[in-house]
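Chain nomenclature is as follows: A, B and C, assigned in order of appearance, with residue numbering initiated at 1 for each chain independently.
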Amino acid sequence: DDIMNVAKEIVEKEIEKHAADGLGRVDYALASGGARVVRHSEPYILAKSSNWLAIGKGRDGVHPKAQKMLEPSFGEPGQCFALQGSSGFVEIRLRTGIIPEAVTLEHVSKSVAFDRSSAPKECRVSAWFEGPDDNPSDRSKKMFVLTEFTYDLEKSNAQTFNVETTNSAVVNMVRLDFFSNHGSSSVTCIYRFRVHGYEPSSSTKR
Amino acid sequence: DDIMNVAKEIVEKEIEKHAADGLGRVDYALASGGARVVRHSEPYILAKSSNWLAIGKGRDGVHPKAQKMLEPSFGEPGQCFALQGSSGFVEIRLRTGIIPEAVTLEHVSKSVAFDRSSAPKECRVSAWFEGPDDNPSDRSKKMFVLTEFTYDLEKSNAQTFNVETTNSAVVNMVRLDFFSNHGSSSVTCIYRFRVHGYEPSSSTKR
Amino acid sequence: DDIMNVAKEIVEKEIEKHAADGLGRVDYALASGGARVVRHSEPYILAKSSNWLAIGKGRDGVHPKAQKMLEPSFGEPGQCFALQGSSGFVEIRLRTGIIPEAVTLEHVSKSVAFDRSSAPKECRVSAWFEGPDDNPSDRSKKMFVLTEFTYDLEKSNAQTFNVETTNSAVVNMVRLDFFSNHGSSSVTCIYRFRVHGYEPSSSTKR
């Protein structure tokens, strides 16, 4: 009886975490929270899909499907942003300025995936602060590396990597570079990328 | 072994409930079931989002994001209907006429929320029946209170309150009034509001 | 302690399966994977919904809501494709050619459903291969039965049926016929239909 109560508690806690966006951790790169993909390498265009060709890039040079990587995937294959080739990058304007603590990269679950060779492998995440009057092209001077990691297909879908820099500056821009993927020469798919941290106005870390 | 079987049963039952819209209870205010927000206090307009200003209210005076509060949120911040200030109201036409038994108010999970000061606090829920030829402005004469409650940020996201009236009339309209929120002076967000009960044609309560 | 660790493992495994599209099994009929409903019997038109009447069938004769049956439902009533009457059919072009192993038919959960009389009952699933130059009207000659089954309202929502044929040909088209439903004379709703199997290029079954 006692055992069953403890078991029930464990279940409820795990389901609560699952229901809270899978991780139960605030994501400052969430599209519905106001974050946006603002720049990226060449998107992957399916030749047979004439619609995509017609739409092409939006007026700001951002592909209409780019924001998919800032939204939940709900375990559904295809709910990703597909980029050309096995290396590339994406730059994201966060919801607000934060002191970053960790990032999470998520691919679709092995059990439902058609093919996982499109998953990113070696990655680097950089960040910087961009003021309203700053010239975006100056970012290379301000950017610093948060973490470098390898996405492991054998581990759980959503893999979290702590920030390794000692620079605790406030940032509102984050860049994900991927230098390789898990085998596809034509396409790399990013299902979801999250940025965790805390706002400078918060007196304490969460 | 026996213990593990019981544990597995508990897990499956809890996941089944979670998968069944979180509560496993019929919701007569669900948008995909045909319910609609038909009237509400001033919506919250983000000045910087020019799109919202452009769209403004729909032709029936209902804000395009109003129906968000009759849809699942899937643990995602921002999937709500935002109203101006710390008090206001929403009126909903239910899918069909029912004898109401309970209502559920849901806010986004603490673990993923950017800010929970926009959660409603002191609330009252009223209901009435509106026939096809009735004048909506006559509702004040027909309305009766179902329940008054306080949404508690320390409890689980989805909080269910039983109907306290002895009036067991059939209703197809429900009004949610909120008189305060958890701290924001500018905005109150309603993530989801549900109405539970049974149809008069059903011979028994569910 | 040991018991609790095992319990936690069970929970995590079950939640992982739930998060992986509910079944943790690849679905070659998934819309986001590229599958499409290409033909179907008369859709159910709600007279009061003038929008539906206006939209009618798309230019290819496929109802705009048809693809709903190839998408997750997330426990939400109404997220289905509604067909007229108690018998009918749907034909689906799969994402790619596969050797089929099983199909899954899913209806909305009993606990949140307004009415389950619209659930399909006696069904037959057939399949064939259609090349790019084949005439779709020749399908009747190529079609063979994969399985016949009865959807049981007392069992779990998502019911999987193994393919019973000894014909292990590659197919890229699947037809679901329903000959009866659970009581409604006017409408049959298909919440989700999935097709499982493996691609001929895969050296081994999964």
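Note that a contact is a pair of C-beta atoms (placed from the backbone, for glycine too) under 8 Å apart; a residue touches a chain by one contact, two chains touch by 3 or more.
What you see is a predicted model; the values in this text were computed from it and never measured.
Relative orientation of chain A and chain B, expressed as the C-alpha superposition rotation angle, is 120° to the nearest 5. Two copies of one sequence, chain B and chain C, touch each other mainly through non-matching residues, since under half of the numbers at the interface are common to both. One simple way to say how far apart two chains are is to compare their mean CA positions; for chain B and chain C this gives 31 Å. Counting partner chains per residue, chain C has residues 3, 7, 11, 15, 18, 22, 74 touching two or more of them. Residues 3, 6-7, 10-11, 14-15, 18, 22, 74-79, 109, 111-114, 156 of chain C are the ones touching chain B in the complex.
If you check the complex, the residues on chain A that touch chain B are 3-4, 7-8, 11-12, 15-22, 24-28, 30, 32-34, 72, 74, 95.
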